[in-house]
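In what comes next, chain A is part of two complexes: it sits with chain B in the first one and with chain C in the second one.
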Partner chain A sequence: MNNQMAAPKDRDPLLEVRNLRVALESGKTVVDGLDLTIGRREVVALVGESGSGKSVTALALSRLLPDALQLVGGSICFEGQDIVKKSEAELNRMRGADISMLFQQPQVMLDPTARVHTQVAEPLRQHRGLNRRAAFDRVVELLHSVGIPAPAQRARAFSYQLSGGMAQRVMIAAAMAAGPKLLIADEPTTALDVTVQTQILRLLKAERERQDLSILLITHDLSIVSAFADRVAVMYAGRILEEGPTEQIMNRPTHPYTRALIRCSLLVPEDDGRLLSIPGSGSNALEIKCGCRFAPRCALMQTHPELHAACHGHEPALEAVGDGWKSRCHAADNLQHEGDAA
Partner chain B sequence: MDIDMSHNTPTPQRRARLAVIYGFVSSRHWTFKVGALLLAAVLAMVFFAPWIAPYDPGAQNLIHRLQPPSASHWLGTDHLGRDVLSRLIVGGQFTVTVAAITVVFSLVVGTLIGVIAGRVGGLVDEVAMRVVDLLISVPDVVVAIFLIGVFGSNYFTLILSLTLVGWTPFARLARALAKEVNSREYIRAAEVLGMRRSFVIFRHIIPNTIRPIAAVSFLRFGHKLITVGGLSYLGLGVQPPNPDWGLMLAEAQPYLERVPLLMIAPGAVIFIAALSVTWMGHGMEIERRRTGKQDKS
Partner chain C sequence: MRKIVLQRFTILLVMLFLVSVVAFCLPLLSGGDPARAIMLSRVSDMNLAPEAVEALRRELGLDRPLMAQYLSWLGSALQGDFGYSFATRQPVSAEIGRALGVSIILALSALGVALVVALPLGTMAAMRPGGKVDGFTTLLIQTLVATPEYWFAPVSILIFAIWLGFLPSAGWESWQSLILPAMALMLRPMAYFTQVTRAAMRDVLEAPYITAARARGLSMNQAVLHHGVRNGSMPVVTFFALWFAGLLGGAVVIEVIFAVPGMGRLLYEAVVNRDVPMLQGGFVAIVGLSIVINTIADVLYVVINPAMRGSHGH
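Entry: the complex of A and B
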């Protein structure tokens, strides 16, 4: 009986986003009915071009959207509680303690007038109620655990005395200080050296093992995704186009957009010797009111004129194409079989 | 990158601190250095006045009135035969003290209100800034004359009346700076970690706005020196027979043609005191602009 009660709870997702909608004040929708599920100890990658709404989604999850953007609908269920309904005070208790964030440019995320230890100690003192001395000792431990040499000395340094990789390690220490369950990492390695990128990703992986952490990794770098994420969600024009286990999606993408993204990132020349690029840009796709939003740029549709009517006629739904694998394409089944054959 | 870890032994650390102060001063523009020297001289004069004044500033000697400078009276004597140099040395106390306290109060009140308005925004910002607009249109001398008329002239009334209007430029500046700092990424980082509003304001916003505010506070200090001098000149500050720079100007007026030094001396001292802080503030602003340019390039 007890086992039966415990088992489903354990399988409960940590975070469940349903029909999330974010709009500009002018009414323009930026995130349009996004569904996303993150399990416990799971690394989910959210990929897509610039302007697809990845970062906005991340900010919406911690309810820190800038004034110009508003959360207009949907629910964000975190451990059974709806974040959308929480008050500002409740949100402040949650931020840093349950959900932490990591950003792209670590050096500008650190206050130039404060020493490293005061900033890493912030969440400890606020969420864990440690006093100054205890917090400092804990900060030194944390800095040590994120691989900073001579942590007691570095703790007294200022942010401008740190390299980019060091600063990102410090930010990880600050984000992990209060022991959150979900880390939202918004392009955490984009601004860093390639060699440092790997170190930071390894560190994030180690943190996940150590403290039962789930990670939402926002990136446009597919090589990071395949090495690091359990599941991938491909975002385009405020919607999820394909979502599923990393390995399957990377090997046999069922959406033309995912396909194009992967081929672009391989940097393999086409037959004519040029690198592939997806024609057009995704920035206007939000204005497409009927039909598939990717249709104007879709390579598949250009080679298969018979799809025109369906793709321009109505938008495909996000439908299951496999176990835990969903795709938003009229031709998803065909593509999957094509992939099987190849 | 070197971090001094020998905090158990105080001497190297104190030396390091002195080195920091020396580094701070020596890296400034020359106006800051000259201003700092002048201000140090003025403050030392005011602070040690009772010991360095050669005569009692109130002692009258009607036989030796309105004398030109001599070996015994370096700056001569005034219309009651009092030693001008001694009166100058002692006469700075009131003006400098009132100006300094006023600037500190204005700085604290103005910065707090400005930073909170800039950070919180919305209605709070709107109300605070309209109050600033209202007060900025009232000259501080008028407020001072009114309050002195009601409560009489003393330290408290003067400081109150000058602070009442004096905080507004600080509030305006602090608000503008807070708005700018508020858009910086590290504020976002603090919010993401769920930091309290007060923590963000005191730990992140104020430390990042205080340097330009400090530069302006020097300029305001010079401004206040002149205002207090002006009030004393109008007879609203120190009452005779106590010495004061502004009062000395007023008393010297009838003798302007016979002994112009009586008016030139206190005027020059007010000028030098105001100039010293203005130059310090100016030097800091120049430094700020220069580093600002470096940041961008």
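Entry: the complex of A and C
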């Protein structure tokens, strides 16, 4: 079991995103050439601050972008087929059956006028051809399996009668109903109590073990990442800045942005007693056309003035720094050796 | 659920009580001496003998305290007795019952057709903003709103009754008599219903639960049908109730043009004739019915959207 998980690259990846580009109608780019690979039974965390394009990526992967956003380029290969080229009918057959989604605020994701069971049953009726009665029985089983007490009664409840945690369990039951191969979870625990967060993450882990499931976990919470993800992709201004195995990245990040994110998440005071925050904001970084997009906020710039020319001159490529480990930084090698020395 | 219905019903009773008080006070507010007015309506002689007026006042109990008068009026009103019309000498309640029946049929057919057109049209317009259906809808709404019924009604009589000759031009004899007035009456509500449906569905289509439903594999049409229409129908219910209540006594122009014996025309004539009992009865009937209709709409909300139970139940 562990061997299988440790070596997912031995087989074809489940999802392979190449050069994904999403833009606003106005032409402003939101996701700018994103590359991402998810292996079978692998949990990949997509990390970044708000505005980095994480949620847009999630919607783009299942082709559910709102009208204002358009997928303008790239490919999304899922089991050898390009999702970008799929017709609407093919997408409808894929969503909920092969690729399911979880969202940030489970309560508003449920229709307030429909009972829980009709919504959880939708993938079953849509993709598995179950009739109403059979679907209801299966829904009760599903609700039981995601840890909802008195599932037969809860099945008839409305969303306003559920707590946030319960609603997210319902959403998980619906997402898992048709046995998908990939679950895209967009900040599934952000809106929940801390104790409930842990329960939901445990539940997702259990689902992964039970089924042949890969998970793309979108989050800004690095504490979740180390406990949960096999691999991490760090996103900034519509691009991946660093990607690799969780353990390596969390211990020896090779990108100044990853480094800063990890230090922020540790909540350890700096020498002057204040908590670290990355200066500036990433909201305008997409407009940087020349040089590294993180350069204006990069701590390395202050300590290593000799890097100025390179970092403001041209943008580094996402290059391998180890086995399955890539970084988009001119100083990646130096940072890695620094980490080794430390 | 039962709690909300009970709560609404209590409010309904209080409102109806207030309506009865206002209705009772109507003739008092209009000034003048009711006994004198009644005498005048019977013998159009301006030089009434004061003794005769005094005798009538005693006979009618108008010399009693106001409270006693109200209670006896309320007692009869509760039994459906609003007295006799000054103009026709018929029982007011019978006349109102007949006219109300006509008005309800007219209003419901006009609003029903308006709704049947507006719901799909508004939904389709909302699904493709800026598309062909949306453009057509906008044009239709503007045309309907800009068409005055006092123009449309005679023109429709000219075309369908006089030139083509297959619909009656006026009166209330057969189901054919219903068609022209209902058509004239539905113009404006059809426009507003379409507009409200479109706006409501625009909001609903962007709702997170629609995205979530599509993520489960529902097509856009399925998601709208299963999760959109019900949520989007809430404002439409409000508008339907408002228009229904409004048309019961408010279709005066149409009822007069097409000689439809409905509430609007009845009250219009009552005003012209200074027919106080008829006005009182009509006021109670229309305002009372409006309150009942709005109460039904309130209860309907909760039936449509159970989440409202949380906000209303306490």
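Note that in this section the second predicted complex is superposed on the first by the 332 of 342 C-alpha atoms of A that agree within 3 Å, B and C clash if a C-alpha of one lies under 4 Å from a C-alpha of the other, contacts with A are read in each partner's own complex, and residues count from 1 in each chain.
To be clear about the criterion, a residue touches a chain if its C-beta (ideal position, glycine included) is under 8 Å from a C-beta of that chain, and two chains touch if they have at least 3 such contacts.
Fair warning: this is a prediction, and the values are worked out from it, not measured in the lab.
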Task = After aligning the two structures on chain A, examine chain B and chain C and state clash or fit.
result = clash
Message = Let me test your reading of the model: by the given contact rule, A:Q153 touches which partner, first (chain B), second (chain C), both or neither?
response = first
Ask   = So which bit of chain B gets in the way of chain C here: 8-16, 26-34 or 44-52?
value = 26-34
Request  = Jot down the residues of chain A that show up as touching in both complexes, chain B in one and chain C in the other.
outcome  = 62, 64, 92-97, 100-101, 103, 105, 108-114, 118-119, 122-123, 126-127, 171, 174-175, 177-178
Task = Quick one: which bits of chain B touch chain A in the complex? Just the residue numbers, please.
result = 1, 3, 5, 184-186, 188-196, 199, 203-204, 207-208
Query = Across the complex, what residues on chain C touch chain A?
reply = 206-209, 211-219, 226-227, 230-231, 304-307, 309-310
Remark   = The answer for chain A against chain C in the complex is residues 59, 62, 64, 66, 88-89, 92-97, 100-101, 103, 105, 108-114, 118-119, 122-123, 126-127, 158-160, 171, 174-175, 177-178
Task = Would you pull the chain A residues touching chain B in the complex into a rising list?
result = 62, 64, 91-97, 100-101, 103, 105, 108-114, 118-119, 122-123, 126-127, 152-153, 156-157, 161, 171, 174-175, 177-178
